[in-house]
Structure formats: C-alpha cells, structure tokens
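Alright, structures below, take your time with them.
Both complexes shown next keep subunit A, but they swap its partner, so subunit B is in the first and subunit C is in the second.
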Partner chain A sequence: MSPRPGFVLETDRSTPPTLMWNGESFGLQQLPTGSRIIYAPEPFDALKDPEGAIRHALEHPTGESEPLSALLSAGMKLTICFDDISLPLPPMAAPDIRQMVIEAVLDQAAIAGVDDVVLIAALALHRRMTEPELRHALGHRVYDAFAPNGQLLQHDAENPEELLFIGETAQGEEVEINKRAAESDLLIYVNINLVAMDGGHKSVATGLASYRSLRHHHNPKTMTHSKSFMHAPASALHSANWRMGKLIKDSGIKIFQIETTLNTDTFPSNFSFLQKREWEWSLRDRAAFAATSTALDLAPSKMARNILQGIKAPHALRSVYAGEVEAVHEKILEDVWAQQGVSVEGQTDIVTMGLPYISPYNVNSILNPILVACLGLGYFFNMYRGKPVVREGGVAIMFHPTKPEFHPGHHPSYIDFFEQVLTQTTDPEVMHQQFEEAFATDPWYIHLYRTGHAYHGVHPFYMWYWCSHAMEHLGRVIIVGGDPKTVRRMGFHPASTLDDALEMAKDVVGPSPSLTHLHNPPLFMADVS
Partner chain B sequence: MIVKYTAKMGKLPFPLTKPTWPSSLPRPNPKRHVGVDFETAWARRYPARLFRAVYTDFVAGPLSKAVAPSTIVGAERLDRMDGPLIFAANHNSHADTSVLIAAIPSKFRHRLVVAAASDYFFDSTIKATTMALILGAIPIERAKVSRRSAQTAIDLANDGWSVVIYPEGGRSADGWMGEFKSGAAFVAQRSGATVIPVFIEGTSRVLPKNPIESEVAPGGSGSESQGVSRLRRHPVSILFGRPLVASADEDVRAFSSRIEEAVIELGREVATDYYQAHRTKDRSLTHGPSAGPWQRSWARPQAISVSERSLRDRWPFLRRPN
Partner chain C sequence: MKALRMERRPTRFVAAYLASALGAGRGAGVGPLRLGDGPAPQDLGATWIPVTPLLAGICGSDLATVDGRASRSFESIVSFPFVPGHEIVGIAERDGTDAKGQAFSAGTRIAIQPVLGCAARGVALCDTCSQGQVGRCGNLVHGHLRPGLQTGYCADTGGGWSEGPVMAHASQIFVVPEALSDDEAVMAEPMACALHAALRSPLSEDDTIAVIGAGTLGLGVVAAIDFLHHEHGTMKPRRVIVGARYSHQRSLAVSLGADEVVEPKQLSRAVRSATRSGSIGSSEQLTELAGGATITFDCVGSGESIAEALRITAPGGRIILVGMPAKASIDLAPLWRREIELIGAYAYGVESIQGQAVATFDLAFSFIAAKQLGALVSAHYPLERFEEALAHAGQAGSRGATKIVFESSRSFKHRKDDQ
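Up next, the complex of A and B:
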C-alpha cells in the first residue's frame, strides 16, 4: 500500500487524545474540540537497491558535470566532506547513508588510483564528533583506513592555517572556508537533506566556513528576513549562502555535490506508535506507549535521556543525486517537499507543539533551554512555506520541562549565555551588538571548540537568532510544564497545563481562538495557503 | 461479573482502552485477520516447524496409522526426487490430510504446506491458528479466483516448500470423485514445481463428511459411522502416481486435465489393478454412475474392516473369513 499523505484533522468529541512530546517524555493531551492537528505524511518506501542508486547517481550526474569516474585521476588531491552529527535526526541505524555514499566514492577513487584523499567532517561551529560517532557515520572500514593516517579530519573554523580567504561577495560578505577543501583538485560534498534548508551551496559555504564568514548570515537581520528557512526564495539565509556559493564556484573550486533524501521513517518498531495516528494504535501500540511513557517518567533523567538518545531511526535512502550543486539541489528539494509537504488552509491564532528530546545540536547531549527555544521557534515554527501556520501576533504553546540543565562539555558557552546574556536581554539585535563578539572570540571557548567536543562560543547566540523571525512574529510564547524561572528568563510565559496556557493565550488572541497542533515528528512542512 | 468488569473497562481512558475514531475521517474497511488474509508466515518459522515436526511424527502420524492403517503405493518414487512437489489428491474426508502427511516421505513432510479452504479452516482466529500450526495450512480462496491466495502457494513453492492441494476444492459429498479445478496446475505451472498425483481411498469411512445415524446402503455413502462416534477405524490406501511437469506450451487447463486423468487412473488402480487401470478410461470406477444420490451411494464399494484387509494383504494369501 502506498504511503498516505499528510493531512489536517479537525478534532471533535470522538477524536482521541493526541500524543504530546514533552522533552524526555511524552503523554496524551486532549485538544479542544474544533482544533486542527497536522499529521505528517507516512514515510515513503525505501529504495530497493540503495547502493545501486548511489552508483547510478555518481555515474549519471545531474546538471553540468562529468561522471565521478571521469573527474578522478591518479595524482590528484581529493577531499570528501560530509555532514556532521547534526544530521539525520534521530541518528540513522547503521549503515549510515554517509558511509554508503563515501564507500561508493572511495571505490571509484581507488579504481582511479587516487592516493591523496582526505575526509573532512563539515562541522562549521558545531562540536567535534567523537570517535564512536565518526565510526557510526562512516563505518569502521572507512574510519580505520583514514583516521590512523591523519586523513580523517574535522573542520576547524578557528585555525587560521587551515582556512583560506576566498573573497567577498557583492554585498561585502567575506568568504573563508577550509583550506584543504578549497585547494583540492576536487571537493566532494556528501549531504543529507533531512529538511529543505539543508544542502545546496549551504553545504560548503556554511559547513566548511569560519566565524568570519558565518557571521554575515548568522545574524538577527538575516534570520528575521528568512520566512522561512525552508522556503528558499523567501530565505535571506539561503540567498546569502547562494551568493557565497557562487563566489566559491567562480574562484575555481571544483565541487561535486552528492545530496540524499531519507524517508521519514523516524522511529524503530518498538517506538513505532510515536509516528502513528492515535486512533490507529493497536493493542501493542497502546501497551508500548503505556510501558515506555511510564518507564521514562519513573527513570532518572539521565537514564531516560540515554534510552531516547539510544534510538536509531530506521531511515532509508529515498533519493540520491550527484553532480553540479544547484541542479542537484533543485532535484532534491522536489523530493523533500514531495515527502514532507502538507497542505494547510489558513493560519491559526494559536499553534501548539510538543518538543521532543532531540534537536540538531544535542545529539547524545542535553536539550538545554536555549536549544528548547531554538527547536520550537527556530525549527518547528519555520517548517512552513508561504505563511507561518500561526498568524502574526498569535501565540505559540510549547510543551517541554525546560529545566536549566546544560551539558558542560558540549555547551559550555550556553551556560554563560544563559547566566550573563539572557539575564540582561532577550532581544537578538541587542545581544548581537553587545555580547556576541566577546563570546565568539573568547579564547577559552575557542580552546574547548578546537580541542574538546564543545560548540563554538558564539553558537548559543546563533541558536537565539534562529528564533528571531518567530519572536518578531508571535504575540506570546508559552511553555507548558516549563521551569517557571527558566522560562521567564527567556522572555516566555510558563504554564502548568494546556488549559492554563489557553487562558493566558486568550489575553493576546481573543476569547475564541483557533488552535492548530503540529504533530511532529515525523517531520513535515506546512504549505500554508 | 464479566459484564460489570467490561462496563468498568469501558470507562477507562485511552490508551487503556481502544482509541475512538475521529468522526470526520472515513473508517477504512476493517482489516480481516481471518479468512484469506490470515497471516501464516509465523507457522513456517523454526519454532512452529519444530512443533509441527514433533506433533506430526510422534502424535498425528502414529494416531493416523492406528485409526487408518494405510497401504502406500508408489512412495519409493518420491524418495529419489528433489522438491518442491505439488501433491494433487482427491478429497473425501478431513482425515485425508493427516493420512497423506503421514505417508509423505520425511524429506518433503517437514517442509510442507497444505492449501486449505479459507472460508472453512480460517474463519476464526483459533481455528486458523491451530490449522496453520499443526498442518502448516495456508488459506486458499475456493469460492472465487484469488490471485493472492494462489500467489502465496506459488511463492512458497518457489521458496522450496511442497504443497498439498485438493483440486476438487472440497470434500466429496458422496465418496465419489468430483471435477478438478485448475488451482494445482496453475500453481505448478507458475512455480515450475513437479506435480505428484495422489489417490486416497478409504478415508471417507474413517471420517465421513456427512455422518448419519444409520446405514443407508450396502455400499454406503461413506457415512456409516453410527451413533455419536464419527471416527471409525478403517484401512486406507494412498497411491502416489508418476510425477507430472507442465510442458512449455501447455496451458493450465490442459495440464489440469492431465493431473485429473492421472489421479483417476490411480483411482481405477485401487478398484481394479495397475494394468486394468491403464487399459480402460472408465470414469465410473472413480466418479460413480450418473444416477440419483441413493444409487450413487449404493454403487460405492462395500466397506471392509481392518481385520479383513489385514487378512487379504497377508502373504501367502489365506482364505477370507466367511
């Protein structure tokens, strides 16, 4: 049976309670009668022969590009870059798609007799991946062949010796990227397009860039004018990346882009109820829900986190294209929208969302309060094309405990951002002007970023900037179940229950508000008319 | 008590009880878990196969031999063959399957499925589960042509499983053979499996289709089980014929006719002997006279007892008791 498309359900008295994520737990929430719930399309079928599809894509490139085998030759300098731990979500069950693609590329490189091959994790300002994470992404075979010889690197955005200044765009945006990648005869980028924002010129222009380069588009102005990140023509972030990408291309850097889409099969069979429609839950699903939610509620938070972070998604390859960056990305975008698009008629006064345990920036880590805001307002809010699901001046109600917990190894600058910046201001523009540079250039944060597994000092600012568009658009943000002190510090409003939140929302949107719930994950993108 | 408990259950909230269905959404046709949709893959996994092997070899087999001592003819041909095989047999009684399985050499017996009527054997979950477990039954639609059920049998044959099919589509009502349908030929032709024609004689006396309280005819309809007891000890014969393979240009109907003729010939062999069965094409020996029901019953060969058959079969031949 072919997968069913996503749809909008209007709730009535016969609608069962809705699954509501609440951080490292989830429960059932009865929504008011007349609310709308947006359900994601069912996962598309996997390609039957993913390795064959990858080989076919490499040899039948999209756009103006020769086949990969024709681009490889003995004596050349080859660099293969790949997306880091932030994709896909949850991490994909082995074999990871990066492993499959890179093995296919290396097979070709071996046939061509290429000796100078370096693999680079395109971290941008993200944390360095650990050895187990690299092994998971690349497979033991690739890791053991390259890591011991120093041919498996992680992009260092703070090492001047490893960066090359390419030039400036017409808008004055400086472009500085990884030197090894820039000086290679061929740069192959292996991309995972989990959402429409991923891939294209953003892969190299952001993934391999330095702070000097990133600051030109990771700022409140660009973020506010990205409506949304997922809709390229309306995204200032996309435009900036495209300008930079064209500059990189014009500078003579030869890029062979490989982009992939995975299906939205997000949870393994034990957790499959999490991606089913509630009225279709079988006895097994109900039992699994009861057992899992009870266990997560009873377990110490560290154990609950380990259980959930241990989930490996049964994502499967849906499509793969290789060749010229823009042509490849265009094809991939069609696939992403075909899989994730849901038509939604009209906006709503209130949007509700249950925030799960994971975001791109806390894989194997803690979803701290800043990341909670970023997940809800930066990501879920922006999963639209056309207009936001919620009207201007509307209210976002998010479910998350929002405890003031931070991973000191992964998010050290977040702790200081929470204590020193958010206590002063929640205005992205003000913090950009007054605090950003100090955090971005702090030697201790740079040291932790380069030698440990810490996100860059400026990263919490970027996460806050991601929320700029939502914060400007919304009249109020309410977090149900959130730690009151933490929620207030972020400029939001805490509520104990949905009923309380709705009462609070009515102060902003009027007495009879319309409500739309984003039943997410699996991921979907609302095509709002 | 149960009513009270059920009423209490009804008040429990989701997820402790079934979810309600949003009234704005159309309900899909309820998924049938019985009949031809019954999933039997589990019954071909090792735990179920092990259970079935033990049950067949140590319970059903000995029981079947005790109740229906069998004369098996032609099984030596099977010993030299490789699977999968399609066993196409006439069908008189529910006892046929047990008797036939016990007669099939172990190299095929333990990788064997039985095509069973989905409307009869798979109409309830308990019955379907039991049949799938102890017989390796798979549901076959017999009332209409169903590609799905035929495809299951073809897939299994392709996967190396032998299949027992009763091409008549059900048990004979009066002990005489009926017309063959082309299911067995279809499965064999599509899967390339070899067909073994099988004739089973005597099981209608062991477990008749329509038991009645008293005898109706000397020959009887095969319904001589008296009183409440339906199972009666009676000797049976199982004849395995020559293997048949569909030729490349042979259509399903022609192949089905060939299978039917082969089974009829085996039936004549039971009534006469091997040579006479070859010489004549007389169908009345297997299909009975073209007459009313009572005459057809009357014309059935007379039942014999196990002791009679034992004496008759013993060598040197002794005088039959008066």
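Up next, the complex of A and C:
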C-alpha cells in the first residue's frame, strides 16, 4: 500500500484528543471543535538498494558534471566535507547515510589511487562533534582509517590559517571558506536534506564559512526577508548563499555535490505512536503512549532527556543525486516537497505547536529557552511555502516548559545572551547593532568553540534572528506551561493551559478565532494557498 | 530613659544565634536585646552634647550583633549594657560646637559621626586620629570612656535606638544642612561608609568594577563612584557591574550609576564578558576567571562573598571589603597566587580628593542630596515594634526595602507639628 499524503483534519466532537509535545514529555490535548490539524504525509518507502542507488548517482551525475570516477586520479588532493550533528533529526539509526555515501566515495577514490584524502565536518559555527558522534556519522571503519592520521578534521571558522578569502559578491558579501577544501582539486560535499533550506550552495557557502562571511546573511535583515527559508525564490538567505556559491564556483573551486533525502520515518517501533494519527492508534499504541508519557513525567529530567536523546530514527534513504550543485539541488527539492508537502487552504488566526525535545542545535544536549524560541518561531513557523499558516497579526501558541536551563559546555554564550542581552532587548536589530560583535569576537567563546564542544559565541544571536520573520509577523506569542519569568524575558506571554492561552489570544485576534495545529514531527511543509 | 539595650547574657546570645537561623534579625525576640526604661547616660562634660534621636538606622552590623553572629574580635571593644544605634540624626539639647569648631545652638539638627576616637576619649590624639582617620583609632578602650568602638556600642554614651539622650562629643557632631530631610540625614553614616570605601582605591578609566551585594552599602558604593566622578572629578571606570538579587535593587543600582546589573549568580559571567577574560579550571562553569575585575567591592562580607570576589578579581587587582565580615573559612591560595590585594574599608574620617581634605560626613551630606539617597529609607518603626523592625531589616531585600530606621516619639511629634 502506498503511503498516504499529508492532510488537514477539521476536528469535530468525535475527534480524539491530539498528541501534544511538551519538551521532554508529551500529552493529549483536546482542541476546540472546528480546529484544523495538519498531519504530515506518511513516510515514503525506503529505497530497496541504497548502496546501489548511491553508486548509480556517483556514476550518473546530474547536471553538467562528469561521473565521480572520471574526476578522481592518483596524486590529486581530495576533500570530502559532510553535514554535522545538526542533521538528521533525530539522529538516524546506523548506518548513517553519511557513512554510506562516504564509503562509496572512498571506494572510488581507492580505485583511482587517490591518497591525499581529508574528511571535514562542515560545522560552520556549530559545536565540534565528539568522537562517538563522528563514529556514528561515519562508521568505525572510516573513523579509524582517517582520525588517527589527522585526516578527519572539523571545520574551524576561527583559525585564520585554515581559511581562504575567495572574494566579494557584487553585493559586497565577503566569502571566506575552509582553505583545505578550497585548495583541493576536488571538493565533495555529502549532504542530508532534512528540510528544503538544506543543501545547494548553502552546503559550502555556509557550512565551511567563517563569521566574516556568515554575518552577511545571518542577520536580522536577511532573516526578516526570508519568507520563508524553505521556499528558495522567497528566501533572502537562499539568494545570499547562491550569490556566494556562484562566486566560489567562478573562483575555480571544483565541487561535486552529493545530496540525499530521507523519508520521514522518525520514530522507532516502540515510539511509533508518535507519528500515527490518533484515531488510528491501536491498543498497543495507547498502552505505549500511557506508559511512555507517564514514565517521562515521573522520571528525573536528566533521565527523561537521556531516554529521548537516545532515540535513533529509522530514517531511510529516499533519494540521492550527485553532480553539479544547482542541478542536484533542484532534483532533491522536488523529492523533499513530495515527501513533506501538505496543501493547506487559507491562513488561520491562531497556530498551535507542541515543541519536542530536539532541534538542530541540541542533539545530545538541552533545548534551552533561546532554542525553544528558534524551534517554534524559526523552524516550525517557517515550514511553509506561499504564506505562513497563521495570518499576519495572528497568534502562535507553543507548548514547552521553557525552563532557564542551559548546557554550559555546548551553549556557554547562550547563558550570557540570556542574562546580558535578553534582559536589555528582544529586538533582533538592536541586539545586532549593540551586542553581536562583542559576543562574536569574545576570546573565551572562541577558545571554547575551537577546543571544546561549544557553539560559537555569536550563535544565540543567529538563533534569535532566525525568529525575526515570525516575531514581525505575529501579534502575540504564548507559551503554554512555560516558566513565566523566562517566557516574559523573551517578550512572550506565559499561559498555564490551552484555555488560558486561547483567552489571551482572543485579545489579539478577536472572539471567534480559527485555529490550526501543526502536528509536527514528523516534519511537513505547508503549501498555503 | 526608654531604650533598647543589649546586656551581657550569654544564654540569650546563644538563643539569638539559634533563632537567627530562621532569618537575619530573628534573634531580637529571644536574645539579649530588651526594651525598657533605664538610666540615661551621664553628662560627660562640657564638650559633650545630649542629643535626642529623631531617626536611627539599622545596619548589617547591628543585625549581626542582635543575632549573636558578630565577630568575637569585637568583645573587647564594646561595653555592656549598651544601647545600639550608630546611624543617628537628632536634635542637640544645648548649645555647643561641632567637629569643625563652629558653634551651634540648642535645637539644631545634627548627625553623629559615631566613632569614639581619641578626642572623644580625652586622650592625646594618636597618629591616625591626627590624620583624621578616626576609624583606624587604636585607643578604643582607653580614656575616660568605657570600651566602645562607636556610639551604639559603648555603655557610657547611649545609642540611637532610644528616646534619648545620646551623648555626642563635639568631635562627633556634624550639623545637618537645612535642605536635607531627616530621612536623608539618617543616611549620612552609611553613605559616609560608602564614600570612604569608594575612595579606598584610586580608580582609572581602565577599571572594570564588580560590586557584590546591592543592599545599602552596595548601592551606596555604586552611587559614590558616580557621584565622585561627576562632582569631584575622579576617574570614571570603564564599567561598573553589580550583582543584585532583587528587582528593586537592580532598578536602584541602574538609577544610581551602574552600567550593568545582573543576578548574583551571573556576576562572574558578566565580569568575564566585560573583561573578555578566559576561565581557569572548568572552562564551562567559570570556577575562576583568568582575568576579571580590577577592583571588586564586597559589600556582603561573608566567606562566600569573599571567595566569590577572589574568583572574579583580576590578578594584581584589589578587593575592597566593605560589608562587615566575621569568622570565615576561605581558600586564600588565589589571593596569594594572583597577588590580589584584600583591603578593608571601615568607617570614615577625612578624605583626600584631588588634593583637598574633606570630612567624610560633610561629603556625605552633599552626596545624599545629589543622589537623593533619602529614598533608600523604606520604613520607620517605633521602638516598641523593634522585633518587627529588625525582622524587616533582616529581610529588607526580599521585602523590597533597603534601609529600615527607628523613629523616636520626638520625631513623631515633630512630624505631627509640621502637619
């Protein structure tokens, strides 16, 4: 039976309560009669022979590119870059797609006699991956072959000796990327397209860039003019990356892009109820829900976090293309939209979202308040094409405890951002002007980024900028169950229950609002007409 | 004379110590402090003036004394029974001369500089008193007075927590400017302490200053740094960062001149950011800054606050100990290794500012007027409600207050007549 597409349910009195994520727990929430619930399409079937599909992609490139085997030769300098820990979500069960693709590429390189091969995790300003995380992404065989010899690197955006200035775009955007990658005879980028904004020129122009380069598009102006990030023609972020990508290409850097899509099979069998439609829950699903939600509620928060962060998604390879960057990306985008697109008719006054435990920036970590805002307003809000699900001046109601809790090793500058910046302003442009540079150039943050496992000092700013479009668009943001002091500091409104939140929302959108719930994850993207 | 008196009753000190575990000031109900009628202090001679208190403040050292938690080093420099209260504004009951030798008449409002130095004790001036540094006087147990480091700790002088009289020596008397209200005048003593502390180390424009604690003294130090810069041309430090627990303290700190105010647990992070310092030890938890504040004012005076100061003060920096400390267990290795100076800041006397000598109390009067520091007085209590007053003072921060004062019946009458 072929997977069913996503759809929009209109609730009536017989509609069972809907699953609502609430950070490191979840529950059931009865939505008002007449509400809409957007469900993701069911996961597409996995490719039956992923290794064969990868080999085929490498030898039958997309766009103007020779097959990989023709691009490889003895004596050449080859660099293979790959997406970091932020993708996919949750981390996929072994073998990771990066391992599968890189093993296939290395087989070809070995056949061609290429000896000078270096792997680079394309961190941009993200935290360095740990050895277990690298082993999981690449597999033990690749890790053990490359790491001991210093041939497995993690991009260091703060080491001038490892960066190369490429030039400026016509708009004056400086492009500075990883020197080893730029000076290689061939740069192969191995990507995972979890959502439509991933991949394309963004892989190299962002993933291998420095702060000097990234600041040109990771800023409030660009973010506000990306409507949305997921829809390339309407995304200023996309346009900037494409300008930079073209400059990189014109500079003579040869890139062989390998992009992949995964299906949306997000949770393993013991958590499979999380991606089913509630009225289709079996007795086993109901029992699993009751047992799991009770256990998570009763467990100490660290234990609950470990349980959830331990989930490995049964994501499977859905498609793979290789070759010229733009041609590959165009094909991949078609597949992403096919898997994740849901047609939605018209906008809503209120959008509700249950925020889960994980975002791209807290894998094996804590979803701190800034990341809560980013997950809801930066990501879920922006998962649209055409128009946002919620109308301009509407209200977003998010469910999350939003505790003032931070991982000091992963997010040190977030703590200071929360205490020193958000206490002064929540305006992205003001913080961009007054605070960003001090954080971005702080030697201690740079030290922790380079030597520990810390996100770059400027990263919390970027997460806040990511919310710019939503904050400008919405009339009010309410967090149900959120720590009141923390929620208020971020300029949002706390509510104890959905009923309270709806009453508060009515002050903004009127007495009889329409409501749409994003039943997310699994991920979907709303095609709003 | 109706007064609150402290008597040497060891069992009550123990009871107060135990009760204070429930909160500062809670020793008042069970400790050695008692309200009652007793003998007024004897007239100590022509250079002494009987003063009827109007207002008398409650400070941290008073609370520690009432709770039996003060340093035992004070035992030999107090004499029992004594009437507490050393932050005093009152009315002179006869004509006299003040600390500058200027005559005043009975009925004049005066503030008492409470240190009982050589002049008050009738002994030849020691070196420090000769230099105007009466706070450093070593003759606190000599002369015709019984021991007592200040009015309010001496059995012969009386103290502010009474209907009066308090005996004030001419050298202790400062005539309150007409423009100052009683609330402003009663702040003269604690604000003189704050000014003295702010002047204990020269400031430079490169200094990053951390202030631990935002009670009366912490806020006073912040205000003093700003006042001294604007009114007396001292250097403005690069940044003043305050750790303040309560929201009203944070608002006050900003209005009084702080550049940045954070919750106490965030102070080390704020200092690190401001100084762009690294961290020693756990790089994640900021156990000790590699650099830090060039000057830290510890306005709490606990073992924990001194340890915090050592963690956030830069090598070669200075810690000014403003809050009254007691016995504490502190790891001083960072002080030794980082060559940090630990400097006490007690009381007042004569300050030297830009080459000019000025009495700290006179400086305090203009400071209080300029910064409108009478607003720090949060509540007045009659002596009869001393337990409530001391409990309020002990919980001042959490109850949105800063300075709690006793108000005498003379002051009540005075205010009623004015209305």
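What we mean here is this: the second predicted complex is superposed on the first by the 529 of 529 C-alpha atoms of A that agree within 3 Å, B and C clash if a C-alpha of one lies under 4 Å from a C-alpha of the other, contacts with A are read in each partner's own complex, and residues count from 1 in each chain.
The rule we apply is simple: a contact is a pair of C-beta atoms (placed from the backbone, for glycine too) under 8 Å apart; a residue touches a chain by one contact, two chains touch by 3 or more.
Owing to the predicted nature of the structure, the values given are computational and were not obtained by experimental measurement.
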- prompt: After the subunit A overlay, clash or fit between subunit B and subunit C?
  reply: fit
Query: Now for A:Asp297: first (subunit B), second (subunit C), both, or neither, which partner does it touch?
result: neither
- request: Quick one: classify A:Leu28 as touching subunit B (first), subunit C (second), both or neither.
  value: first
Query: Under the superposition described above, what is the C-alpha centre angle at subunit A formed with subunit B and subunit C, rounded in steps of 10 degrees?
result: 130
- request: Pick one for A:Glu66: touches subunit B only (first), subunit C only (second), both, or neither.
  value: neither
Query: Touching A:Glu278, do we find subunit B (first), subunit C (second), both, or neither?
result: first
Query: Who does A:Thr15 touch here: subunit B (first), subunit C (second), both, or neither?
result: first
Message: Output check: A:Glu183 vs subunit B and subunit C. Expected answer is one of first, second, both, neither. What do you get?
response: neither
Message: I want to verify one number: the closest Cα approach of subunit B to subunit C after the superposition, in Å.
response: 43
Message: Give me the intersection of subunit A's contacts with subunit B and its contacts with subunit C, in residue numbers.
response: none
- request: Quick one: which bits of subunit B touch subunit A in the complex? Just the residue numbers, please.
  value: 13-16, 18-25
Field: Residues on subunit C engaged by subunit A in the complex (per definition of touch)
entry: 260, 262-263, 266, 269-270, 272-273, 276-279, 283-285
Task: Provide the residue numbers of subunit A that touch subunit B in the complex, in ascending order.
output: 9-17, 28, 278-281, 285-286, 289-290
Subunit C contact footprint on subunit A (complex, rising order): 408-409, 412, 415-416, 419-420, 423, 438, 442-444, 447-448, 452
